[in-house]
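In what comes next, chain A is part of two complexes: it sits with chain B in the first one and with chain C in the second one.
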Partner chain A sequence: MRDTPLSFAERIGWGALGLAVLLGTWTLLTASGLVPRPFLPTPLDVLDRMIELMSAPFAGATLPQHLASSFERYAYGVLLAALIGVPLGLLMGWFRWLDDIVTPLFDGLRFIAPIAWVPFAALWFGTGIGGPVLIIFAGAFPPCLINAYRGARFVEPRLIEAARMLGTGNLRIILEILLPAATPSIVAGLRVAAGLGWQSLVGAELIVAAAGVGFMMVQAQANVATPTVMAGMVAIGIVGMVIDVALRQGEAWLRRRRGLEA
Partner chain B sequence: MGSIRFDKVDKVFGPLTGGVKALDSIDLEIAEKEFVAIVGPSGCGKTTCLRMVAGFEAPSAGVVSVNGKKVTAPGPDRAVVFQQFALFPWKTVRENIDLGLRNKGLAKSERDERIASALRLMNLESHADAFPHQLSGGMQQRVAIARAYVLDPEVLLMDEPFGALDAQTRVVMQEELVRLARVNPRTVLFITHAVEEAVYLADRVAVMTRRPGRIKEILDIRSVREAENWDRHQKIEDVMDLESFVHLRTQIWKSLREEKGPLGV
Partner chain C sequence: MMGRKGLASLTSVAAALLLWFVVTTLTGLVSPGRFPSPAEFWQSLVQIATRGYAGAPLLAHAVQSLKLVLLGFAVAVATGVPLGLWMGWSRRAEAAINPVFLLIRPIPPLAWIPLAILWLGLGDAAKIMVIWFAAFVPSVINAFAGVRAIDRPMIEAARMLGTPRWRLVREVIAPAASPMIFTGLRLSLQASWTTLVAAELVGALLGIGFVLNVAQQDIYPGMILVGMVTVGLLGWATTWLLAMAEQRALAWNMAARD
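Right after this comes the complex of A and B.
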């Protein structure tokens, strides 16, 4: 069945059907009185609340302002993860001794979930920006490192041999052979990192931040403002999707530029 | 400058006892500017011989030396042309050729000059800014040869360089290589399983046995080529028609045939 192609309209149609079933069931649950409305507001309630939050502040800021402050932390965390993880991964892929130093440490550390860093981050950084950045970093770092490392390790051996017989030194091999050869893997890793970072962000903000979507949701929870909590969830989902679509576009552009795809 | 010497070279893959013995006591001397081809059944270790001169693999016993110096690592004095070209896909033709020159630390003006002359030599001038994937296989192999030649290496190592090309392109490249060898003679170690190719190109042809590979016999082609004046013919097919060529080819064929396995493969 997978081999029968669907037209664009058909695919949109099926997607819309899925959304309609979800929203329909949700509305039905609330409207029928099966679930009390304070616990599960209707989709329209959530939408209303989102629109309201665009201009009306909650917990000291409007929804766009909360998002902006979340995004700032997020950008720092992911950027830091990429700036450290990618070069370290490439170096590990080339120097065996560095691989032997880092891999055992890394294999242990990466099983500490980002959320498990929260108490430590809170102790160290209080409510400053350092805490959330550390937690986001913890989420985004592993895929940056792993993908750069794998990309570098699995470069066509002939290309490395060709570079070596041309007298290419280590630095130049890393920059001009490993890096471009690993780029597809690195970009895929960055996409995963961006997703994991965004997921970790909210966990980070639930506890440490003084502004941001996560902070807004915790405040709303304390006030039993379910529509606001859900509006925050929807906003997180939408921003996450936008980030992913943007990175997909970036990846496709890069592929085209490298002439690997027509 | 540019002599190659194998001195009782063994190569075992895997553990030294219980591993697979690929090469057994290889002795071979290649003089400066000499073109030697090694032919042999597949899996006989002929490519391993080349890889040891390149410095990609170390002998398990014995010594491989170039100019009397033991080979320990790859280097630009021993340029390699690979069967699968091994061009850097993200670099243009010019950048591929330039890498080795940059590694030598040459000034931009000299690099440009040498690249231009390498491009001219291999008829690649109009493709200087193309990426490898935009070129045909034959063109890509020209780039790989240019990349090797531009370094002015003492030794040129060619590992079945035309094996991945179609028959017509292959013939053109063979003629081209003969032309190149006249303009710019080098010490060449050429690996192939195509007997005609070896006889057409080489000064001497070494025939190897099945695994574990040994040098079975070495035929002197050059003396025949000069005596029979093969070079008066421009085209490869005319040379291949000469009685002296056919005779040598048949001799090598027979020698190789004896090396086939029980199933004839």
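Right after this comes the complex of A and C.
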């Protein structure tokens, strides 16, 4: 904005400076004894602990095992949200009466934070897999529904009119016109849903789970095992990032393919 | 006065309430141990409003939650928006801060809760810290994007006229970026509520999340529903207030769009 874009070397230099300031302050705070080490371990301590957790169990399982059970719930929750949200959104985009019925209820429910479903989730489905799945579902459902709905609503009207004129039935219009036309919007919604679902998962596991990374972190917190808490944070961050990158790749691939088709 | 849309909404909500009454009270299809009937909901509401529940009356819990959300939100906005503006303004600041952001951003705000409790205990400070983390990111990103989207000629014109730098920021950059900034604030506010409820569920002694927590342990569906409805209403009210503020602040912009 103020100056011409930075050169590659300048970008790297400033970026390295930023990271160095962050990691340097962090290390200095603990190494100097300003902050007691049990409360703020050094970055290396956290790394050590992560490597240790790869094989040594904490709260009943190793880190990969906790991650696996987290991921299983996560996959169920997001899948369920997509399987219900996308078709419902498409139908709402086509049938005006359904839109009229669902929208006011949906708008009302949307103000309740997904995490507030925790008590009912625990009451209805327990703390095994069902409870957390409901909360992940509550987090991931809105973007699935909204994006499918918007995608279907803003389809080129001429396409629909042409199909109508040719006597195409409702089901075929939805499957062969609305769905393909809404796909970019749906995919974008799924990506948002995946991110929100991962967030909700962490919240759910902090409160109503008996396994998983969130559970491991709460247990570590109770034991004042700060390196383990931070190792959990790093693991959650890495998995979240991998999910996001994978979905971005998928989105780009889809766009390329559609570009070729068009 | 009320259009077809309003009438349809009203009918839909009324039908849902009727259905609630039918499945819980008339037919007993849903057992009271699973979901409360309207009467139970009402009794729970009266109980917490008058005699109190989880150590305090509803008003005290609601005020506590509202206070923490507003404090955390205010701190996040006061730090996040200027940082975003600065990153949008200076390529160097962007280059230095972005990698730090990329490192921290993938960690969901809720994952900071155990660490916050470890550091600051179960009191208000831990919650404000977590809300700050959660609400900070959308504030920064949208302020940043808002500055980057400004037409360069507009800034250059102001510069050419010899506008001093702080006036440039106050009268050109900030207003031009403000629609995006408000988008960020809305997301920040939402994130604040989610995080607060989670933090209070994990550990608190007062607040709506704490009510939910106690009600869950007591297996008290009526009170759980009261807690959820309160969270929803508070979230709705604060979002509405923010929308009003946006309308006022951006009146010039809305007029230009029409």
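The rule is simple: the second predicted complex is superposed on the first by the 239 of 262 C-alpha atoms of A that agree within 3 Å, B and C clash if a C-alpha of one lies under 4 Å from a C-alpha of the other, contacts with A are read in each partner's own complex, and residues count from 1 in each chain.
To be clear about the criterion, a contact is a pair of C-beta atoms (placed from the backbone, for glycine too) under 8 Å apart; a residue touches a chain by one contact, two chains touch by 3 or more.
No experiment lies behind these values; they were computed from the predicted model shown.
Peer 1: Is it chain B or chain C that touches the larger share of residues in chain A?
Peer 2: Between chain B and chain C, C touches the greater number of residues in chain A.
Peer 1: Is A:Gly167 touching anything from chain B or chain C once the two structures are fitted on A? First, second, both or neither.
Peer 2: In the superposition, A:Gly167 touches chain B alone.
Peer 1: Once chain A of both complexes is superposed, is A:Gly33 in touch with chain B (first), chain C (second), both, or neither?
Peer 2: A:Gly33 contacts neither chain B nor chain C.
Peer 1: After superposition on the shared chain, which partner residues are touched by A:Glu176: those of chain B (first), chain C (second), both, or neither?
Peer 2: A:Glu176 sits against chain B, while chain C stays out of touch.
Peer 1: Figure out whether A:Gly232 sits in contact with chain B (first) or chain C (second), or with both, or with neither.
Peer 2: In the superposition, A:Gly232 touches chain C alone.
Peer 1: Which holds for A:Gln199: it touches chain B only (first), chain C only (second), both, or neither?
Peer 2: In the superposition, A:Gln199 touches chain C alone.
Peer 1: For A:Ile112, using the defined touch cut-off, is the partner it touches chain B, chain C, both, or neither? Pick first, second, both or neither.
Peer 2: Touch status of A:Ile112: second partner only.
Peer 1: Now for A:Gln221: first (chain B), second (chain C), both, or neither, which partner does it touch?
Peer 2: second
Peer 1: Show me the residue ranges of chain A that touch chain B in the complex, using the header's touch definition.
Peer 2: Residues 156, 158-159, 161-169, 172, 176-177, 180-181, 258-260.
Peer 1: Enumerate the contact residues on chain B facing chain A in the complex.
Peer 2: The touching residues are 54-56, 73-76, 78-80, 82, 84, 86-91, 99-100, 102-104, 131, 133-134, 147, 151.
Peer 1: Quick one: in the complex, what on chain A touches chain C?
Peer 2: 1-3, 5-6, 10-11, 13-19, 21-22, 39-40, 100-105, 108-109, 111-120, 122-124, 198-199, 202-203, 206-207, 214, 217-218, 220-221, 224, 226, 229-230, 232-234, 236-238, 240-241, 244
Peer 1: Which part of chain C faces chain A closely enough to touch in the complex?
Peer 2: 5, 8-9, 12-13, 15-16, 34-35, 88-92, 95-100, 103-104, 106-115, 117-119, 147-148, 150, 152, 155, 190, 193-194, 197-198, 201-202, 209, 212-213, 215-216, 219, 221, 224, 227-229, 231-233, 235-236, 239
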